[in-house]
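The following block contains the structure, expressed as structure tokens.
Read from first to last, the chains carry the letters A, B, C and D; within each, the first residue is number 1.
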Amino acid sequence: MMGEMHVPARSRARKTTAKTADTVATVVLWALALVCLAVLGSIIGYILVKGLAVVFDPKFILGKPQAINAGGGILPFLLSSIYLTLLTMVIIMPIGVGAAIYMAEFAGESRITRLVRFGADSLATVPSIVFGLFGLALFVVAFGMGPCLMAGALTLALLNLPAVMRTSEEALRAVPASYREASLGLGASRWQTIRKVVLPSAVPGITTGGILTIGRILGESAALVFTMPLFATKAPTSLFSGGAAIAPNLWYTLTEAITPDAQRIAQGEAAALVILILALNLVARFLAHRYQARQGMVG
Amino acid sequence: MTRRDAAAVAKPALNSEWIVRKTLFVFAMTTVLGIILVIFFVARESIPALRQVGWSNIFLSATWNPNVSNPATGHYGLLVPLAGTLAATLGGIIIGGPLAIGTAIFLTQIAPPRTGKLVVRGIELLAGIPSVIFGWIGLVVLVPMLARVTNTQGYGILAASFILGIMIIPTVTTIAKDALETVPEEYKQASFGMGATRWQTIYKVILPSAKEGLLVALILGIGRAIGETMAVQLVIGNARQFPNSLTSVTSTLTSRIVTDMGESTGAFRSALFVQGLVLLIMAMVIILLIRLVTRKTVKAA
Amino acid sequence: MQTDVEGKSVAARPLATPEPQHGRYMISIRDLDLFYGDFKALEDINVDVEHNRITAFIGPSGCGKSSVLRSINRLNDLVKGARVEGQVFLDGEDIYGHGYDVVELRKRVGMVFQRPNPFPKSIYDNVAYGPRIFGVRDRAELDQVVEESLVRAALWDEVKGKLKQSAIALSGGQQQRLCIARVLAVEPEGILLDEPCAALDPIATQRIEDLLQELKKTYTIVIVTHNMQQAARLSDYTAFFMIENQGDPGRIVEFGPTNTIFTTPEDERTERYITGRFG
Amino acid sequence: MRSGKRWILGGALLLAALLTVVGLAGCGNSSTTSDQNLTGKVSLSGSTTVLPPASEAASQFMDIHPGVQVSVQGGGSSVGITQLSQGLVDIGMSSRELKSEEQNQGFLDHKIALDVIVVVANPGMTVDDLTKDQVKGIFTGQLTNWKDVGGADAPITVVVRDKASGTREMFDEKALDSQDSTTAAIEANSNGIVRQTVASTRNAIGYISLGYLDGTVKALKYNSVEGSKDTALAKTYPLSRFLHMFTKGEPQGVVGVFIDFVLSERFQNDVVAREYIPATEL
């Protein structure tokens, strides 16, 4: 009886149950992944369907907000969000990148780096509402700034610091050690080596990280609820004047607004936020891709 | 002036190098300073309530009935929001956990390159969506749907769990994917070599050896869910009763803080800071848990 | 007289060449021990590097010959826990002496690495990197240094039309010569080469070896190589490094003129190594 | 241009361009005629119920008198009154009467509107009249099913205002005889949200200001008295309260002009009338 080897029935049975289990598992795993995509698609779809008409109405984008009657616009909220993002980035990039340089270039694995990493990890786990409480207690009350742009920016800077540090450190560590040795070998000092070779090579990575941080700043609301006004008819005129950013204002519109078209405004604000964040993600993806595609010359 | 002299003049004095190093050190220490400041100020603002209203009335009482005109005489028990937070987080992990871990397994073991890339892009986008938008979707879509399906008011633990389940997917999937990718290729080859099916290889070889990473992913997911404010506040109903059923309306620590902080003063406001302190302590516990889990693997490796 | 772009006459000033120093040896290493943490990598190293000569360090991989090279320009300082005992004299001055200026040291003793590592900048910016570090701002002077360094590195004719292009686009051999040009631009006295041709094809290797023969006239050269034919062809003196077995510190078995080392070595271990029986 | 530098410059240009485009478009706001160049500052703080009309008045007033800065903050009635007594603000907004200990501080009461609270239910409910005890029973959690009050057999979903709102304080005091509302009640931060929740949730009941009443919810009679301006003024409908702007003594200079503006025919009819009963009709 050549060929057909006699396989005992029991092991043949066990073989088939394993086979079916495998296909079932594959189907389930495919389903789980597709559910995630479906959820994302339906959320983005719903927001755009509901909000696009509102967002592209110039009166909405450029109009003045209304406290009581309908037809309010969101221009001051957009401006506040932009000023807030600029101010936060101006505070956080030097400190975050500076800290990353220290961690990647100067400090080896020492007690200090472990301490800084622990600090960064704990900051990254603190819920954003607790950052809101902290911002209220320190910047708004203790420093007496009152709810304003600077209080919001300082709070968001601390909230996003760990992320900026991590992405910048990864970008710095990705720069080949041979560049450092070559530069030092020519008699350059450590700081010259960092400034002239390492940093320029890491800039694309740092910039991509920075753009993702901008997305997080625009989307943050819990940390701003107590540190900035939720509703203001004017954009901030100075660092310490108040203005409502768009994300916290969306929460205000959902929970406290009394204008008859509050629902429509909420749809518009949600769509505006999502479009801004989608655009930022695309820009970050595009920059990262373009940089990998050609090992570009840097600085 | 020969080039050598010009060079001598321009050579950076040693101390400028030292100054740069010191400033960068100070920048690095801002994280440590930051977490100390956060803990200090949240704790400091909690003291008035703890002193005026007393520990037991806050940590052991379930009645939350602030008195606006005379704050010190109000009831500020946080057991209800604490229970709400735990219930919503548990619900979130039950829904989001399997979804996220499953997707991570899919991405690392099964996904064809193109679909894999698409799912990863999708997860990144999901991470980018602000939590207030999740809240809005919850309020406008999920709550009415649940109201019809469960014939209740729609708000409550179930709605919060769905929203949190979706929101923790990016965090858990990314970390779980990294953990699964660190499993050495040889394990997989060996298992396949013995005629095991892909699923047997996954649950017999790959999952056990990535156990710690997956645990860390879930713990971080829990941390993310506990800290969520805006999305939860909009769908949980903010009632002051214990979550006794899936569809019962309740409140969480975060929703209590953001709902009441606006007009609170004195002991009422300070009681909300106490809830902030509890959230902070939970975050620290999560950090220690993760260090415990990762240190175990480091010792074992 | 050279005229620059605006037609101004520029005092032609050739790349400064190092004047011969007083002693016969530019570098003298005395009783050098090197530790990485508590692992002793090198023990009792004594070698003298003569001016305007090529000295080769040969020996099996892992015997510490590169570590000696990195002790000469103190790049070992970068390695955490590296510790040196003994002395290394550069033109009579101990570079591990207190307060010795490392930056000045690395300028006087340039280094070329095993894998060509040009900066991700243009060819011009690579060569001009060193002078710019030391404060040279004048455009005309920079152009002059860049051209002369590339000429000395035998690369000028191949790149003079495309100085603005990325150095990374060059071939392996060209990149290595660019690294040499980059070192020459800071007017060193000596050049240390750590297996410069290991990653290059035979033709490129040949060009580098011819270049080193040429550079020998003006610079003191120390080259680490595990390619014995190269050492024999190129060097005037050779030091043969050896470790007994894994974990022992590297030691110099024999050091002397290259032709005696390769024809009538005193130590029979050198004999066995150069006849290729092991290592 | 080195490409490294190009990244930074590119990013900055992108943001700058975004900023200028949006900034330019924004500054052409409408400039109404400003009759006299009044200058000065007016600061208000207090009740969140008075906040919306007050901030509307502030922005209209600032359009008319560009030289004047009017700042409006929330914080609740008691915050407004305490800050007024401490001289931190010019006007203390309140949606409740002064407490005994707040009386003798020489505060001048300017009633800017009458807020009538009506009990509303989901349009699907068959009930349209509730006695005081029934309302009290429902909102304190004793009665939990619509059939207890003559409706269909369905669990009642109670929607109330958040604890810090003046509306909730007045409703608890007058309708619930100062008892606390049920812990099972959904808390909403504004009239708008109470109305939206009651309208979209079956079997829901809540309370809002009369001005917010619209077709989406059904107003219920209270002790078979329909909540309206007349019944409130005639005191036959108890659930009403005045909205106050307190000042320390006679308001001076620009503060007085602002108060007069709030009480002016134009502002009362355009804005206040939309939610409350204007002071002009009291």
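The definition used in the following text is that a residue touches a chain if its C-beta (ideal position, glycine included) is under 8 Å from a C-beta of that chain, and two chains touch if they have at least 3 such contacts.
None of these values were measured; they are calculated from a predicted model.
**Q** Work out which chains are contact partners of both chain B and chain C.
**A** In this structure, the chains that contact chain C and also chain B are A.
**Q** Which pair wins on C-beta contacts, A-B or A-D?
**A** Top pair by contacting C-beta pairs is A-B.
**Q** Centre-to-centre on C-alpha atoms, which chain is most distant from chain B?
**A** The chain farthest from chain B, judged by C-alpha centres, is C.
**Q** Need the central chain here, defined by C-alpha centroid distance to the all-chain C-alpha centroid.
**A** Of all chains shown, the one whose C-alpha centroid lies nearest the global centroid is A.
**Q** What whole-number Å value describes the gap between the mean CA coordinates of chain A and chain B?
**A** Averaging C-alpha atoms per chain gives centres 15 Å apart.
**Q** Would you kindly tell me how far, in whole Å, the mean C-alpha position of chain D lies from that of chain B?
**A** 35
**Q** On a C-alpha centroid basis, what's the spacing between chain C and chain D, in Å?
**A** So the centre of chain C lies 81 Å away from the centre of chain D.
**Q** If a residue has to touch 2 or more other chains to count, which residues of chain C qualify?
**A** Residues 103-104, 107, 121, 134 of chain C each touch two or more of the other chains.
**Q** Mind pulling the residue numbers of chain A that touch at least two other chains?
**A** Only 189, 192, 201, 254-255, 263, 296-299 qualify.
**Q** Name the residues of chain D that each touch 2 or more other chains.
**A** Residues 2, 48, 188-189.
**Q** Where on chain A does chain C make contact in their complex?
**A** Interface residues on the chain A side: 108, 176, 178-189, 192, 196-197, 201, 295-299.
**Q** Considering the complex alone, what residue numbers of chain B touch chain A?
**A** Where chain B meets chain A, its residues are 12, 16-17, 20-21, 23-25, 27-35, 37-38, 41-42, 44-45, 98-100, 102-103, 105-107, 109-111, 115, 118-119, 121-126, 128-137, 139-141, 166, 169, 173, 196-200, 202, 220, 223, 226-230, 233-234, 254, 257-258, 261, 272-273, 276, 279-280, 283-284, 286-287.
**Q** Going by the contact rule set out above, which residues of chain A touch chain D in the complex?
**A** 62, 64, 67-69, 75-76, 78-79, 82, 85-86, 200-201, 203-204, 207, 210-211, 231, 233, 235, 254-259, 262-263, 283, 287, 296-299
**Q** Which residues, counting only chain D, touch chain A once they are in their complex?
**A** Contact set of chain D toward chain A: 2-5, 7-8, 11, 14-15, 18-19, 22-23, 25-26, 29, 48, 52-53, 55-56, 59, 188-193, 196, 212, 271, 274-275.
**Q** Help me check something: in the complex, which residues belonging to chain D touch chain B?
**A** 48, 74-76, 78-79, 99, 155, 157, 162-165, 169, 180, 182-189, 200-204
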